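Same chain, two partners: chain A is paired with chain B first, then with chain C.
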Partner chain A sequence: MQEMQEICLYRELVFRRLLFISLFLILCIVLSLLNLSIGPISIGIGEIFHTLITQGNDTAHVVIWDYRLPWTLMALLVGGALGLAGLEMQTILNNPLASSYTLGISAGAGFGAALAYILGIKVLPNVPMEFVVPINAFVFAFLTCMLIMLIGKIRGFTSETLVLGGIAISFMFQSLLALLEYYASEETLQAIVFWLFGSLTKASLFKAQVVFIVLAIVATLLMLKSWKITALRLGDEKAKSLGVNTERLRIEVLIYVSLLTSVAICFVGIIGFVGLVAPHMARMLIGEDQRFLIVGSILCGGVILSAGAITSKVIVPGAIFPIGIITSMLGVPFFMFLVIRGRKQIW
Partner chain B sequence: MKSKVIVLFFLLVAVMLLGCAQKPVEKPEEAKVIKITDLVGREVSVKVPVAKVVLLYGLEDYSAVGGKDALKKIVGLNSWRYKKYRPDWWQAWVANYPWMAELPDVGQPGKTFEVEDVIKLKPDVVIADKSMYKYMEEDIKRLEKAGIPVVFTDYFPHSDNVTQLFDEVNKSTLILGKLLGKEDRAKQLVDFFKEKVNKVVERTEKVSVKPKAVVFATWAEWRAYGKKGMYNFWIEMGDGENIAAKVVDASSGDVNPEFVLKENPDVIVFTCNNNFPSGQRVAIGYTVDNTTIAKEALKELINRPGWENINAVKEKRVYIIHHGLSHGHIFEFVCLQYIAKWLHPELFKDLNPEESLKTFYDNFIPLPYHGVWATELS
Partner chain C sequence: MVELGVRDVSFGYGSEVVIKNVTLNAFPGKMVAIIGPNGSGKTTLLKLLANIIKPSTGKIMFDGVDIRRMDKDEITKIVSYSPQENVIPGILTVYEVVLLGRIPYLSWRISRDDLEITKNVLEELGLEIYARKYANQLSGGERQMILIAQALVREPKLLLLDEPVSNLDIRNQLEILDLIKRITRQKEITTITVLHDLNLAARYADKLVVLNRGSIYTCGEPEAVLTPDMLSSVYGVEAKINRNNRFVQIIPIRPLNRGVEALGQNF
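Take a look at the complex of A and B:
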């Protein structure tokens, strides 16, 4: 009898989790369709679908294929990538405040971008102009991750070491960035500030594909490890007693997350808050089980950034409002609501 | 031997004669204390003509009024700003007046400005731009305590109102004239400015159709000049319609790429500094010898999806202009002339903005004219 009840309870739990995931999925689709249909040039839903399945050179095709589709996909994918990266950072560091910000990865990326903008330094030679800044940002974001890794290697992969190391690195890159900004000319300063706010206007289908591939691979790899990662949330001691090599797992996940974050922010600049909030929202609604939480965080991130992308277009139709500002302004009230009204313990 | 002595003798006589001839001209002007109301609206007492100047802004306008002599009065300069913001102009000044590189750099207000450096130099006056005032309020008090007056000029356009612009340029230039004891030349300069601007605004009164235009920055892909941007004022004065002003209230902001396709502008202008777009190459400016790089840059800048169908691109009415020409100095009239000519090529067939700039340099700036300041897609 007891057993039956427990099975029922478990089924209910799984059902609840699947329900929220479907809800997120539906929201993602609806928001993406909205993203595709909103813009200064009015194109009907029917025409949008027609344009998506045909080829042509008319205005509708250019608008949909060259501007709206990359924009929409990039919002969805980068949001998803940031959501997943945030989730795993919070998990392996056992810290609810962890995100690409806390670990200094964003600051590293910003510094890399600023090097390209302000000093014209290229990390890789012979890169097409369009990719100089993304590649710089990627390399520095990834280097930051490796630096954190190094700190971990020396002092052991405890969450305290990684968080404190991350904060130190973050401050280092922020002051280096400030130094570069201090000496920048008016124009380059505008360019770098623009990058630091985050923007989807530089989206392209190619970039969306890159983010998609990395996100798909990392998500699959993490899914394969989902039991172990879930165990990590019980605490290091318990995880070890369950046979999980916690240090190895942390290193492995950190590498995946580094790759994911670096790719996500290098194309669009620093978009704050998604990586912090999306995992919390997903966790509150779905629970700790990584099998569901991974999917949930990706979808939740996609929802937040897609909503932000739409807002940045409609605040002043015809103009683009910096998306980094919007995600924070949009995310905070909702997040606060969940924190205050949520019945469950958050962390 | 004999001939050498004769030559020497004549030389000596010539030198003495020259000396005599110069003496009466050099009669020292009587120093007097005058009250000046500057462009921030402050009333400042300055002993004129000044002998020692610390210049925080506007070497161009300063030397246009004071000529070569005024350059020698500079004891401290905000060379930081020149090196960062207008590297080509700085190179020009230093190439022609190498001693300028040795002048103490007092720094940029709000960034590297050092009030103590200024006090140490004991100038008769500090000349700055109105935009620097907000960073200098505390420093002004310190300087005043040390008996050093600070005077603000302002050459930035603040609206499309020509009268207001004239008033501002007139005031700023006459202040420089009074400080340097060159009031006649200041008046001459103001008349020159008015004539060049009037050449445009008088004619555009007859315009019936306003062509659509947009001005993009070269440093952020979709950054356009909006309602409060100087380019908006030039376009308005040149009787065009700035499409970005409809959606960008600030001086500049990002437009939706689609919006540009929808509005289909007739003229597209890119504003570019000497360090295009961020240090990667030098396409435009005083130091540039020909238009090749600028034209290449333009080709890359218009390489955006759907732009091949935009009127401006189809008719090759796409231009690039030096950012420094567009605001903050008396030769900004050249920018207005360019914009007006690009908006109404037929109406301004006989207008040659480059020639205007050259005339200005030849008559007022103690530098030889040089460089590429604007060009078109070809």
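Take a look at the complex of A and C:
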């Protein structure tokens, strides 16, 4: 009897988590269908399915395949990538405020994009026009991560060093960006500002595929380390006593996350708040067990960005509002609620 | 069963030497207590034994094998170290915190064995009632018990505990130390624990190691080690030792004037 009870307790924990994960999954599906359906021409659910499984050249096919499907998938995948990246940054840095913003990765990407827009500098030669800005942004985002790693290498991979280093780098790129903006023409200034808002309008199926592949690989690699990452939440001392090489784990996770963030940001620009809020929501509902929290954060990020994507279409009829503005605006009150009402002593 | 051998181990942070030429042995089924004043290097010594920090000179051996020649995972399976710190952040249930102690054995699926052992340890420490609760909502003493459970759940051969009972009430102190001693005997674990309470150390330890300024001042059976002389020169305390009862009892009388002696040692 007793034995059964204990096994039941574990099952209960697992069940609760799977329940929330299923809930997120259902939300993702519903929001994605809405995302496909809502727009200047509204398309019914039946027609969406019909269009997705058949080929054709009518309006519905063109609208779905060329515009709404890339848009929808991009929202889901970038949201998921930002959610996962945020989760692991918060975990390895043991800091609830860690995100691509705090570490300066967003600022680095912004600077890279600005170089392309304003000075026409290409990091890689012979790149199709469409990809000049994403590649610049990716390279600079990744460089930022390497810079943080370098600081860690010199001063030790403690959370304090990495967070302070990230803040310094963030300021550096922000001022460099401001300098570029100061010299920019009005036209290019508009382009860079729009990029910095974050937007899904440049989504394509190819870009969605790239994000999907990177997200899948990184999530799998992190899953393999899930127990060690969970142990990190007990604090460095305890984790070390459990045989976790905390320094090496931090480096590994930081590399994965750098890749993930850079890929997510480079195609859509800077979308705030998803990386910060999604992991908090997931953690509160699911708990610290990374085997479930990784999946939960991805799905939660997907839900938030999909919801944001829908809002950005309906808020001004006929126009598409930059999604970065929406996520921040919707995110702030929600986040305030979590801060004020949430469970205490999590960090 | 693992026999621990420490040979001439020294360690320092920068130029400051914290552990100086420590040599000691510990045997299966026996409980060794490290005692000594604050800052004498007790925690550092435990961390060295737990392979969290590496000695600058000397070597640490399990069953005669230098641990530098051993695989890290292998060491993790042998040694459990429970640090003094007893903060448990995060949203983790007591059950999960204890289960995490089995980390070298955990994979994506949790085996029935792991669940079984976790259950047994929780029961043995009387923690089943807390299993569903969140660890960060418990009291300091309860968290200490949970971390001891976490150390035991790995079924270690070498158990290192840093002040395992410092936050517990008098009944829990006795219960936990009784339990640790019983498990040490039954499972033939080599247990080394840092204790501040000299009366508890005298009562439970098979062997006392007195650490003073990073070196071993003396070691041996509690009756032999706990003398007014040792207490005055290591702790700077005048004390009476009462040996009439079942247990050796230390009754501190007053702190000695450190002036002359301390000056003599520092300059």
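What we mean here is this: the second predicted complex is superposed on the first by the 334 of 347 C-alpha atoms of A that agree within 3 Å, B and C clash if a C-alpha of one lies under 4 Å from a C-alpha of the other, contacts with A are read in each partner's own complex, and residues count from 1 in each chain.
One rule holds in what follows: a residue touches a chain if its C-beta (ideal position, glycine included) is under 8 Å from a C-beta of that chain, and two chains touch if they have at least 3 such contacts.
The model shown is predicted, which means the values in this text are computed figures rather than measured ones.
Engineer: With both complexes superposed on chain A, which partner does A:Tyr10 reach: first (chain B), second (chain C), both or neither?
Structural biologist: second
Engineer: Identify the partner contact of A:Ile167: answer first if only chain B is touched, second if only chain C is, both if each is, neither if none is.
Structural biologist: The answer is neither, since A:Ile167 touches no partner chain.
Engineer: Quick one: is A:Glu187 in contact with chain B, with chain C, with both, or with neither? Answer first, second, both or neither.
Structural biologist: A:Glu187: touches chain B, not chain C.
Engineer: Which partner does A:Trp227 contact after superposing on A: first (chain B), second (chain C), both, neither?
Structural biologist: Only chain C is touched by A:Trp227; chain B is not.
Engineer: Is A:Leu23 touching the first partner chain B, the second partner chain C, both, or neither of them?
Structural biologist: In the superposition, A:Leu23 touches no partner, neither chain B nor chain C.
Engineer: Contacts for A:Val244 in the overlay, against chain B (first) and chain C (second): which applies, first, second, both or neither?
Structural biologist: After superposition on chain A, A:Val244 lies in contact with chain C alone.
Engineer: Quick check on my understanding: which residues of chain A belong to both its chain B contact set and its chain C contact set?
Structural biologist: none
Engineer: Help me check something: in the complex, which residues belonging to chain A touch chain B?
Structural biologist: 39-41, 59, 62-63, 65-68, 116-120, 129, 182-188, 190-191, 194, 199, 201-202, 313, 316-322
Engineer: Can you list the chain A residues touching chain C in their complex?
Structural biologist: Against chain C, the touching part of chain A is residues 2-3, 6-7, 9-10, 13, 223, 226-228, 230-231, 233-235, 237-238, 240-245, 283-284, 287-289, 291, 343, 345-347.
Engineer: In the complex of these two chains, what residues of chain C are touching chain A?
Structural biologist: Its residues touching chain A are 50, 52, 72-73, 75-76, 80-83, 85, 87-93, 95-97, 100-101, 103-104, 106, 108, 110, 112, 115-116, 118-119, 122-123, 131-132, 136-137, 147.
Engineer: Can you list the residues on chain B that touch chain A in the complex?
Structural biologist: For this pair, the touching residues of chain B are 84-85, 111, 217-223, 246-249, 252-259, 261-262, 273, 275, 277-280, 300, 305-306, 309, 323.
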